[in-house]
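Here come two complexes built around chain A, the first alongside chain B, the second alongside chain C.
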Partner chain A sequence: MTFVKRYLIPRLIQYVLVIWLGITVVFLIPRITPNDPVMRMIDQMQARGSTLEPGTMDAIIRDLTQMYGLEGSWLDQYWAFWGRLFRGDLGVSFFQFPTRVNKLIFTAMPWTLGLLLTTTAITWTLGNIIGGLAGYYSRKGWSRILDAVAMVVRPLPYYIFAFMLLLIFAYVVRWFPITGGASLGAIPTFTWAFIKDVLWHSALPAISLIVLGGAVTFQTMKLLVQNINAENFVQYAKLGGVKENRIVGKYVIRNALLPQITGLALGLGQIFSGALITEIVYGYPGLGMLLYRAIVNGDYNLIMGITIFSIFGITTAILIVDLTYPLFDPRVRYT
Partner chain B sequence: MNETILRTEGLKTFYILDVFGTQKVVKAVNNINLDIRTNEVYGIAGESGCGKTTLLKALAAAIEPPLRLVDGYIFYYVDGKPVDVSTLSPEAKRKLRLDYIAYVPQGSMSALNPVIKLKETYRDFIESHVSGKTKEETVAMAEQHITELGLPPKILEAYPHQLSGGMRQRVTIALAALMKPAIIIADEPTTALDVVVQRGVVQLLMDIQKKLKNTIILVTHDMGVQANIADRVGIMYAGKIVEESTTEKIYGDPQHPYTKFLINSLPQFGDKSPRQSVPGSPPSLIDLPSGCAFHPRCPHAMGICAEQTPELITLDTDHKVACWLVGGQHGKTA
Partner chain C sequence: MRTLKDLFRDYRFCVSFGVLVIIVILALLSNFSPYDPTLWNVVPRDTKPSAEHWLGTDSNGQDIFWQATFAVRNSLIISLIASLISRTIAIIVGMIAGYRGGITDRVLMFVGDSLLVIPIFLIMVMLAMLVRQFMNLVVLGLMLSAFGWAWDARLIRSIILSLRERDFTKTAILSGTGTIKLVLNEYMPFATPLIFSTLINNIAWAIGLEMTLAILGLVDLNIPTLGTMLNWALFYQSILLGRWWWILTPVVLSLMLFVALYWLSVSISEYLDPRTRIQRVGAQ
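Moving on, here comes the complex of A and B:
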């Protein structure tokens, strides 16, 4: 099939190349910055007041250098780096020494995925349905009111909005907890009590993401629909007396959704970086929080580990968009 | 003469725009009386920007803001009885579309939904007007319809972008004929097509008309196309009909100076002298010249032309002109 030869294979090669390039950059950056992670670690130990004898210090430096894969020439390190990566080994964390980076990431990941996949899905669905209808019925009063609300909400900086919610609903009226992903000491199980606890803790972060993200999706979709609505094929269907529900769904929304599908996949790819501020504000134990602490503590292995995951996330999301888009838009079908 | 199928009375439709707080009024259709009959091809000609498309929108009952019906009436003769279109409910109007009146809009090369197959478009159009048919029956009906009009039925499996521009245009026109409407309105169906393809499109329109014995209202600024297929022609200038007659009289004995210019701009067989186009450019419909709107461009303009608007008066039974040169004093022959 020409699709495989002309499209799929080149696209997969590109995918692998981009990942290779991204990960190589991840490898290089800590090595070309003047900050020596091993010396930084030693400084931190000393700052905490531990006095080290010169002999012990040398031993620690040697151990750390080996553990972080900083032994030998860059080329040796590079080979070793890929070797470990293929074994799925991202090394140990500096600041939660000696926990493995993998373990930290896999503990944090479900929190982030759970919160962001759900909110992204809700935001996308609601934003597009409401925005689509508001665009189609843009002359109606309710459409104008929604538009005005979106116009007020949208320019709010996210962290201010998130803090406002926290202040009002967790501090003043105390409907929701101030911080955390679950109550302290709660044991993750598939019990209704635990699920309820998690939902209660994630309500504010979720609302903050849905409201601000939804305002953007709403406005984009409304504009898209208004543009499509003026297209010849919509006018022609109306003049041909095609029933309105068909026109709204099959002619207007379906065409307006095409760019939104791309937007959705790209949004999913950015889940890893997108979670940062939300998780910091709400003290939510996900990847964003982990990344934040990794940066604050100069934990190179952990930063690298999370970065590698997000490189995979983003490139895979883009690959999926590229491969599935032709299903939605026949004009770019590769035959 | 055939009976009336569509009539307008003092029709005025203006675009009312709000430009930075000030209201602008585009007088695109400005007091038009039409009496269109069954089984005729009525051509509307005039330069670009004179309000042809706007007139068609009004005739098709597709007046939507910023366009407003300012004054006058449009009557549809459904089963011989006049119906004032402005009294129809949206659902009643929807039912008349394609059944009574079909509209092929300007730029109809992009009139088909790009993300669905033509078969699906056909189904949407059919199922919105006929109920109680299975999917297979609907597709069979589409196939039969396409075949009868001499188009290849396999195009039903295609997406619009897989067809040539001329084929898309023809499918759009074919779709308009689907429910055998009493009136088909076509807006510049041949513009932007090359000559060979144009001929195919015109032929298709003519075939449909012969088969259905219905009315076609054809807008084009191409006077050559009009001459070939119209039974009667209305010449439009600045939102008004300035001359209307049978095609023979319009081309053989034009009265209005503007009509004469339009006809002179036609290439003539064996005539090598350069074609003259109408001097100057059409007026702004926001700020119309006083009196006869053509007077700034008219070689015969007189004093009265800038002061009073000439009425459309009847010369013979089927020849109407709005010009001070014709028919003597205003009102004398009216």
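Moving on, here comes the complex of A and C:
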């Protein structure tokens, strides 16, 4: 019971509160900026020279006014906003009128989800294993070389790193395709040819996410392991003749993994943003590309939809990571 | 003097210091530019690097070297505005949260933690979409600073929390020192080194985010920054057309800047941490 009361319930409350805060910020942004977003959208649309029938125009204005919730007092607007969200209604895309934002997001999502889940799993596992070993054997040559590489890669923003890889591996030595998630005109099927095509297109985005994220995991893990190494129980185990493999695997890395799980949860927001940016560099057809097209076309509604969706997605993912934490840390389980 | 000497023993500090000096000189050179950075077609277009145009010219008819000096300067201005203001917010929030504790602490830390969790990048995109026509260096700097304080506020809070329990706090309070004076005079010296190293990280973060927003076309593209330079180079397909001197200038400059800032911060914080300092310069 104490576990539920001291661990589970605070986490759930926090989950709800973060979502509330995030959505409230999204709600406030168009209201505190000195701009009528609806009319600006219409202006932009006309400036682009697209002609709309009066009926469609009215529908757009009505929809946008409603979505931004610009009817009634702020409090009314706020309630209406949440009401729509609870019905799972993110409104219509402004550029691809009248496609619903939901539909666009759900078409793009599998790409992002696939890329993100695979790379995050690989990054975290590899980063921790290699970082742990490098921390334990920190005086060896390979450990120093990896450290030097991480020192250069770590500070680079996602865009710059992805872009450099693209320049080198897609333009200079043409090993990988320049853009896209699959070859043009490829029909999504469960054939080996299609899967191979997708993997080939996903390789560079995945590598760039893995190397960049891996550098961070590697460095933090290495530092953690180096600190644990200096602790008495490790020295004692060594003097007691416990086998080296056992010390590294069972004593050191396991202890260092706990903060790394918390770190993964805290870093998910950044990893997600990074994945969106990386997708844009490689023209990978996920949420990032959707976002890019929305920005280029001034589709505020779609951007807002992606943001709201991401807030829900990331906080839920963090909650899941947080809830698996007790599996690794018995202290939380039994208090 | 001694501090500097110890710092220069680290090759990372030497390298990053050197690179940053070069970059600051570049930024200062913008004052002597023969061309106005906002004017187009002042030089022949798309020429390769030559004695006259050191880094060649671009498709807008601008000299890339001089354009780069403005870009570096403006990127630095944005990031300095962003990081100085967000440091102020972080210090205030961290100190209040750490010193007051209780419900104030919980609320402030909740807001801060939420900022770490929520995809700030997307929120920035939304904001930038709406303030696009008012966008300039200062507005962008303010926008970045509003979202860049959370992590560092938490660090500062943790320092204050530990200081609050020390004896000298009680002595100060009992001898009648006011809260503000106590925090500023007694606690600040302990927090200053940390604030300095977060400042460097925050500068790098701000430059990176500015570049990302610029590439998405969400800033004023007529103001040269590292991001807008890259945006123009991409817009004119400089990779496909083989104009490497154009695309590589912002990429290499930002690469140097990011690595230098990171090494500087690592080197300084390693020096500030007594445990790692002993490994480096030996006990004295």
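Note that in this section the second predicted complex is superposed on the first by the 272 of 335 C-alpha atoms of A that agree within 3 Å, B and C clash if a C-alpha of one lies under 4 Å from a C-alpha of the other, contacts with A are read in each partner's own complex, and residues count from 1 in each chain.
As a convention for this text, a residue touches a chain if its C-beta (ideal position, glycine included) is under 8 Å from a C-beta of that chain, and two chains touch if they have at least 3 such contacts.
The shown structure was predicted, so the numbers you read here are calculated from the model rather than taken from an experiment.
By the touch criterion stated above, A:P30 is placed in contact with chain C alone, chain B being left untouched.
Considering which of chain B and chain C touches more of chain A, the answer is C. By the touch criterion stated above, A:Y251 is placed in contact with chain B alone, chain C being left untouched.
After overlaying the two complexes on the shared chain, residue contacts for A:V198 are found with neither chain B nor chain C. Of the two partner chains, neither chain B nor chain C is touched by A:I210.
Judged by the touch definition given at the top, the superposed model places A:L165 against neither chain B nor chain C. In the superposition on chain A, A:M151 makes contact with chain C only, while chain B stays out of contact range. By the touch criterion stated above, A:T307 is placed in contact with chain C alone, chain B being left untouched.
Interface of chain C with chain A (complex): residues 12, 110-111, 113-114, 116-123, 125-127, 129-131, 134, 204, 208-209, 211-212, 215-218, 239, 247, 251, 254-255, 258-259, 261-263, 266. Remark: chain A residues 14, 17-18, 21-22, 25-26, 29-30, 33-35, 37, 40, 151-152, 154-160, 163-164, 167, 171, 266, 268-269, 272-273, 276-277, 280, 291-292, 295-296, 298, 300, 303-304, 306-307, 310-311, 314-315, 318 touch chain C in the complex. Contacts from chain B toward chain A in the complex involve residues 60, 62, 65, 94-99, 102-103, 105, 107-108, 110-116, 120, 124-125, 127-129, 159, 161, 172, 175-176.
Looking at the complex, you find that chain A touches chain B at residues 139, 231-233, 235-244, 246, 250-251, 254-255, 258, 328-331.
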